[in-house]
Structure formats: C-alpha cells, structure tokens
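In what comes next, chain A is part of two complexes: it sits with chain B in the first one and with chain C in the second one.
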Partner chain A sequence: MRKALPIAVAVLCGLLALVDYFTPNPQINAIGARLVEGVAILAAFALWLGIVNLLGVHARRIVVGERSRGFSAVLIIALLATLAVGVAAPASVEIAWVFDYVYYPLQATMAALLAFFVVSAAYRAFKLRNIQALILLVTGLVVFLTQLPFSSAISPSLPVLRDWILSVPVTAGTRGIILGVALGTITTSLRILLAVDHPYAGE
Partner chain B sequence: MIVCPACNHHNQEGAEVSSSAPPPTPIARESAIATGRENLSTFGASPLDGLDNLLPIEPAISLPHRPTPLVSRQPSEDEERAAELFRRIVTEGVPSPQPAPVPMIVQAKVWPRIGRAALYLLVLLAALTPFFTGGQTASWVRPRDSIVAWAQSLDALPAGSAVLVSFDYTPAYGGEMNPLALALARQLAAKSVHMVVMSTKPEGIGLAEQIVALIAQEMPAYRYGESYAILGYLSGQEAGLRTLNESVSSAFRSDHVQRRALEELPVTKDLATLQDVRCVIVLADDNDSVRRWIEQVQSRSNIVLDALVTAGVEPLLVPYYRSGQLRHLMGGAVGAAEYELASHGRPLALRLTDGYAALFVLLVLVALVTNVAEVAAWIRRRRQGR
Partner chain C sequence: MQSFGHFMDALTSASVDVAALAILLIFILPFIVFTVRAKSGRQFPLRPIRTYERLQSLVSQATESGRPIHVGLGSGQVGDVATPETVMGLTVFDFVARHAAASNQPILGTAGEATVLAAAQGVLQNARREAGFPERYTGRELNFYGPDPFAYAAGSLAAFERREHLASVLIGRFGAEGLWIAESSRDPEMTQLGGTSSPHAMALMGTALDETVIGEEIYAAGAYLHRPSHLGSLATQDVVRVVVILVILVGVVMTLLGYWG
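This part shows the complex of A and B:
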C-alpha cells in the first residue's frame, strides 16, 4: 500500500494533466489548473526544504567541530540575516544593498573570469594539428568577427554571413538537439505514466 | 410464389438474387447449408426451418454470423524491431548511474607560467580599453533592419498600453544584459508605455529593481504603480508560468514593492490575463527560460513574445524565431549596441565596443602566435632529426 498509493496518485495526476492539455472540457481544465497551482506551491516549499537542509548540514559541521566550521558559521549567519531582512522588508534599501554590493559583484566576478579561460582555451583549441583544427579555427574566428558590433563596417557581407551561419548550420544542429530532447521527455513521461519509473517514491 | 414466414416477404422461386454474383456450386451450397444447420442447432429452431432449398440466399441472410477469422499477418522485421524497441524504452529499468570520471588536471608544459600571466594581463588590458579610448569604434556600428523594425514596433505602442517584461537572467550576465534591459526600459518609459515587471529567477527581481530605479531617477513622471509595477518572483518554473497564463492574479496575489493587491494598482488593475498586455519581452541568459515561455505561454495563448538574450544563447533559440514562435530575437552585446542606435537611446553598450574589438584582436594574435610557435618547433625538431 505504501508503494501502490503514491504510484496511483502520481499516475492519476499525470493522466489528468495530460488529458487537460488536449481537452477543452471545463471540469477537467479546472482540475488541471488546481494541480498546476499545487505544483507551484510545492516548488516554493521545496525552496524552504532546501534552506532547512542547508542549515542542518552546516550546523552539524559546527557541532562536530570540523575544520571548515568557520565557513559554515559565516554561511549560517549570512543566510539567516539575509532571510530575516528579506522576509521583513523584501523591497527595502537593506536587501537592495545586500544584492547590489555583495551578491551582484560576486556573481559578476565569477562570470568575468570566463574571459581569461576563453583566451586560455583558445590557445589550446586553435593549434593547427590537423584539418579539423583548421576548420575550428576559421569558423571560430569568423563567428567571433561577425559578433563584433561593427562587423558591417569591416565588410558588408559579414552580417549576411552571420545570418547564414545562424539560419542554416546552427538551426539544423539546434533543431536536432530540440527534437532529441523532446523525444527523451516523451519517453521519460511515458515511463512515469506507465509507472515503470517512480522517482517520486525515492527510487 | 414463396412467402417467408419470418418477414412475410414474397419471392419468386428461382429468382436471381444478384445478377453479378456467380451461382454457388452444388458442393459449396451443400457445405454452407450443412454449416448453417450446425449453427442453428446451437441457437435453437429458426423460423426458416423447413424452407431449405427454396431460397437460394437463405443461408447467407438468415443464419447467425459466423465469427470473422482473425487475419494472422506476420509482422515484418522492422515492425518487430520497432515493437521491441518501444517495449524496452517503456519497461526497462534505469541503469544505476556510474560515477563520472574525475578529470585529472595536468600541469601545462607548453605554456610557461610567465606566458600565461602575460596573456591574462593582455585580456585585462583589452577589457579596460574602453576606459582609455572612449568608444572610438562606436561610429562604425550600423543597426540591422530587424532591430530597427523592432525598435519601431515598440515606438508604435500607444501610450498607456502595457508590456510584460520578465527579467530571467542572473547578475553573472549583468554586464551583457543590463545595457539591453536599460535601453528597453528607457524606450518604453519615453513612450509612456506601462511596464509590468516580473522574474522567473529569484535574482532577476534585484536586477529589475536596479533598472527601474535608474529609469525612475531619469524620468520622475514615470511613477511606480501608475506607470510600472514589479510583480515579483514567480516560482514553479513551468507550473508557475502556466498559472500566470491562466490568471495573473492567481500567480501574483500582490506586487513586490508595496505589497498591494494587483487590483489596487492603476497599472495592473485591468490586467486579468496575459491577453491584456501588448507583448511579453523576456530578458534571459539561458535558453530554458525562453523555451518555458514559448511552451507554457506563447503556444497556449498565442501572445506576442520577444526575447533579448545573451550572445551565447541566441543560436539555441534561432529555430523558435524561424518558426515564428518568437516575434523577435536579439542577442547580447551586438544587439545591445545596435538597439541603442535604433532606439536613439543613451550609449552604454556602444561605449564598450572598443573592448570587444581589443579582445578579438587578442584572440587572433593568440591563434597566430600559437601556430607560428608550433610550426617553428616542428621545423626545429625536423632539423635535429636530420
């Protein structure tokens, strides 16, 4: 019963959501809307669950006295302080300060390091060892050149070339990826609807 | 004249039943009658008992239908393979995930540490170029026709109409996306178009607050609640967007800043569904966010959807743009600089074009130097070999 009930509920909900998508029946649509609203609420609760889990893991580290307990303490203090300010006054000056002067610079710094890695990677990737490396080098440079905001000033055919690259080879490859993802999604959904997989039961 | 006792139908003895059907052979006819008798014995007495040989079609119309034999067609090899594949796909257990191999970090031998430090220093110099040159290459930028058309379509929006703007990017891509967002907000505010702001990422709201705060400083007449509102973060990804598509007030009970019900704010009081906005503009740093908008909102409501994304994400969304699901798609720094020109906005991305140019020159130099050094080493090895 402990296994059968969650499976039955999941399959029923899944089938209802599927029927809701294809049927204009108002009763089924209303049930579907309720289910979707429930998912949104559950997702919000999952965030709380994540916070509680994070607090638990780091609190345990402090209690046990691990070497990294100092970092855990900083994490817990920062989390609780931000949470308290965020819940009390979500659009306050204080929370904006935390975002503007702590969170934003940290994330932007991490992303800015990418430029250094890209140049470092370019050094390795652009070595002309064989014909494939030559194609990679030429394509990379052409795409980069067309990405420059003033590429049309260099040559009027560069924006045309950029559009062609995006329209033909890139679209062809991307469509293949999208179709593959769609087929994978259908397969996964079918397995869950047929109760072959039950990830919701912790399996 | 023969009268059928079951239906009182009159028939001429020996009359042709069908001119096209061949007459049954005596053996076949006897066999059919015999089979009919067998069947009749299971169903009891028939009203046509005793009228054998009088009505030629009698066995065909009066006897119970015989079960149609099942046609046992052998499936082809392809069909069998497809059926087996389908069975395996839907019933096979999931293999236990293997731990991913940990890549070993190998110390680079070719590139000495000092060389790498010099390379990184050059990258830093390229990034700082705009501070020294002040955007010399900006005068070379020419906006593409598609971007000019989009800027004109926003210009044509009537004052007081509403546009939903979703800030679905993170601060990591703020450098690339903020110029786009700022140029968009400036153009909408200049035309007094109402802006309803939301995000499907928690960080997006902080970025939206930064942008609208700048606009509020520049244009004090563009007031919160009257001209624009921040609805807040929408959780639930697909489910959240689907709820929003059905009813805005179901997705957002109140606004993010003043915590007032949406019916109380002038800018959102007439906003029941997404059909009430002129278009939805998604600013995103990943293709999944835009894809969710297309799948859960655009394909269901057929609303006008525009996407302003990073340059890295743009190619992944081109198929949706080609299919018409996205009315407009604009990518990163190139798009931002062109859009600033097309919308006659203040130059922000335009001032950075020198940096992109410097970085491009650096990449070309790296590729050239690397290969020249590689060829020189190869020639040296050959000479030593001789």
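This part shows the complex of A and C:
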C-alpha cells in the first residue's frame, strides 16, 4: 500500500493531464487546471518548509561552532535581508540593487571563469591522438580562423568552407542527436506514465 | 502523388495535437509489447557503451577502496521539460546507491533542484533500507545548492573538497556548469563520466569528461545498468528510429522527384 497508492495517484494524474492536453472537454480541462493549482500550492508550502529547514541547519552550525559557521552566518543574514526587502518593497530600487550589485556580479564572475575552462578542455580535446582528433582539430581551426575579420584575405574559400561545415555536417549531426533525444524522451515519459518506472516512490 | 504532399501539409499544419497524438499512438503498442517481453525475461542484444561499462567496474572499485562515487544530478527539475534526463540521472544514482548500500559504503549526491533532492532522498533511503542498513541514511550524503546553475556548480565543488572521491558522474540536465564542475574538480585519481541531452552542453562535457554518453544513450542507463524492464523502451526506441529513418528517406526521394516540397 505504501508504494501502490503513490503510484496509482501519479498514474491517474499523469493520464488526466495527458487527456486534458488532447481534448477540449471543459470538465477534464477544469480537473487539469485544479491539478496545476494543487502543484502551485504544494510548491509554495515546500518553499516555506525549505526556508525554515535552511535556517535551522545553518543556525545549528553557528551554535555548535562548526568550521563553516562564518559562511552560515553570511547565508542567514543575506537570506533574511533579501526576504525583508522583498516583502517590504517587492518592486523597488532596493530589491533591484540586491540583484544588480550582488547576485548578477557573482553570477558573471562564475561565468567568466568558463573561458579558462574552455581553453584547458580544448587543449586536451585537440591533442592529436587519433584520426577523429585530427578531424576535430582541422575543423576547429577552419571555423576558428573564419571568425577573424580578415579570414577572406587568407583564402576566399575559407568562409564558404565554414558555412558548409556549419550547415551540412554540424546540422546533420545535431539533428541526428536531437531526433534520438526526442525518441528517448518519449519512451522515458511513457515509462513514467505507465508506471514501469516510479522515481517518485524512491525507485 | 501530389495528394500525398497535400495530406502531409494538412497533417502538419491543421493541428499540432493530431500529430502529437499520432506519434504517441505509434509508440504505445511496441512499448507495451516489448516491455512485457522484457519483464518476462526476454533478452535483447545490447551494443557496448563504454561509459556504463566503466561505471559498472567503478562501483566495484568503490566497494574495495572505500572512496565514494559522486553523482551530480544537474539543475533539471522533475516536472518540467528536463524530467526524462533527470529521471535517468536518478536511475544512475539508484544504481550507485544500491551498490554503496550493499557494502555499507558512503556515496555523495548533489542536486540543483528541490524536487530532484526529494526524489534522490527517496532513492537513497530505499537503497539503505533494502540493504539492511536503514540507520545509515541520515540525508547528509545528499546536498542541494539552489536552482541557479552556477550556485550548484560552486556547491558541488565545495562538496568534492571535503573528501576524496573515486569517480564523479554528471548525468541529468547540465549546461555550461557541467564544464565548470568537470574542469574545476579535475583530478588524475578521479574518473569523470557523464552525459546530458543538450547538444551544446554535450560538446562541452565531451571535452572535459573521461567518458560521455551521446544523445539518446543517456536514456539507456537503466537498461544497461540494473533495470531489465527498460530494455522494452530501448527496443521501442530502436524500432521507431528505423521508421523515422525510412520516413526521412522517403521524404528525400519524393522531394528529389518533385512530388513534395
């Protein structure tokens, strides 16, 4: 019963949502809307539980005196400050300041590091170990060279070759991958919908 | 033959729902037939996928060495478009968790989404209980770092620094943060495997990880690792793939002959 009930509810809700998508029946549409509303209400309660749990975990770290208590203190202060500003003035300059001068710069810093990671990963990928690596290196160099403003001065056929690489082999490969992913997505969804797989029941 | 072109135009332009329903119906019958066969013990031939072979040997090594395996479940959510690949991440986590639980070893899971955290907690709790060590489940082996992809990446890196890991598996919905995690946690002593379904993220992860699954291979995780029932859906995928290839070929020939397009 512990497993059967969540599986039955999940299958029923999944099938209802599917029927709701395919039929214009107002009764079924109303049930579908109620289900979506239920998910939103559950998510709101889960968010509050999450905040309370987060505060509890980090407050305990400060009380016990764990090594990372400093970070926990910063987290609690940032959380409460953002929450207070957000509730008191939801669409204000103050809440925009939090995002513009704290959140986005931190995000940009992390993203900027990616440039270095791309270089180090490309260095390993372009090592000439086999014929595939050679193809990758030559193709990469052609596309890289044609990004330069004077590439047509090196050879007028370089931009033509770049366009061909991007529109024929790259597009063909990408479409093949996307088609395969679409087939996998449908079968995985069917597995969940028909209860062959039930990740929501801890399996 | 002109009528065929009109029929296809009508099918694709009149209503998207009709096309979606037709695709779903094409899948359902072979899916049910193959899944019933797979569940009754019918064997299906599988080509080797290096990533899953290495993962199978790594879980045994983890038991011997006592060093845990990290499974990064990405920033996808259970309930949005990333659900299928996130579920496959959970399937891989289930496989690693069951091996770790059977030998009473630690494991590390990281999630960038709250719904995935809850699902992974259920998986780990179940694995520990079935192995006979329910008291070993404390919830501290699973970490959640918020839905921002880079916050998730930074949190995962911090988790790596707490102890040495035998391997890291990044499987689920990843973007550029997959490269961020893989490169910043690079260690010759730690094998890195993974995969995602986005072609662009796949290219980034392919350069950084030791082994990656490509395209639909991510959805074959269960069939290759520990869930024979997934063989049915894998066989369905292959059958429909052949149909799609035939349809593409027919379309190309008809377009070349001037009957369509």
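Basically, the second predicted complex is superposed on the first by the 140 of 203 C-alpha atoms of A that agree within 3 Å, B and C clash if a C-alpha of one lies under 4 Å from a C-alpha of the other, contacts with A are read in each partner's own complex, and residues count from 1 in each chain.
Methods note: a contact is a pair of C-beta atoms (placed from the backbone, for glycine too) under 8 Å apart; a residue touches a chain by one contact, two chains touch by 3 or more.
No experiment lies behind these values; they were computed from the predicted model shown.
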item: First (chain B), second (chain C), both or neither touched by A:180; value: second
item: Chain B versus chain C as contact partner of A:153, first or second or both or neither; value: first
item: Contacts of A:26 with chain B and chain C, given as first, second, both or neither; value: neither
item: Partner chain in contact with A:50 - chain B first, chain C second, else both or neither; value: second
item: Contacts of A:120 with chain B and chain C, given as first, second, both or neither; value: both
item: Touched partner set for A:145, first chain B, second chain C, both or neither; value: first
item: Greater residue coverage of chain A in the superposed arrangement, chain B or chain C; value: B
item: Chain B versus chain C as contact partner of A:104, first or second or both or neither; value: first
item: Contacts of A:91 with chain B and chain C, given as first, second, both or neither; value: first
item: Which of chain B and chain C A:171 touches, first, second, both or neither; value: first
item: Touching both chain C and chain B, counted on chain A across the two superposed complexes; value: 39, 107, 110-111, 120, 122, 174, 177-178, 187, 190-191, 194, 196-197
item: Sites on chain A touched by chain C in the complex; value: 21-22, 39, 46, 50, 107, 110-111, 113-114, 117-118, 120-122, 124-125, 174, 176-181, 183-192, 194, 196-197, 199-203
item: For the chain B and chain A complex, residues of the former touching the latter; value: 89-94, 111, 116, 119-120, 122-123, 127, 137-138, 140-142, 144, 170-175, 203, 206, 209-210, 230, 232, 235-237, 239-240, 242-243, 246, 250-251, 256-258, 311, 314-316, 318-319, 322, 332-334, 337-338, 349-350, 353, 356-357, 359-360, 362-364, 366-367, 370-371, 374
item: Chain B contact footprint on chain A (complex, rising order); value: 33, 36-37, 39-41, 43-44, 47, 90-91, 96, 99-100, 103-104, 107-108, 110-112, 115-116, 119-120, 122-123, 126-128, 137, 141, 144-145, 147-153, 159, 166-167, 170-171, 174-175, 177-178, 187, 190-191, 194, 196-197
item: Chain A contact footprint on chain C (complex, rising order); value: 17, 20-21, 23-24, 27-28, 31-32, 35, 78-79, 83-85, 87-88, 90-91, 94, 114, 119, 122-123, 125-126, 148, 150, 153-154, 176, 179-180, 182-184, 197, 199, 202, 204, 206-208, 214-216, 218-220, 222, 227, 229-230, 232-234, 236-237, 240-241, 244
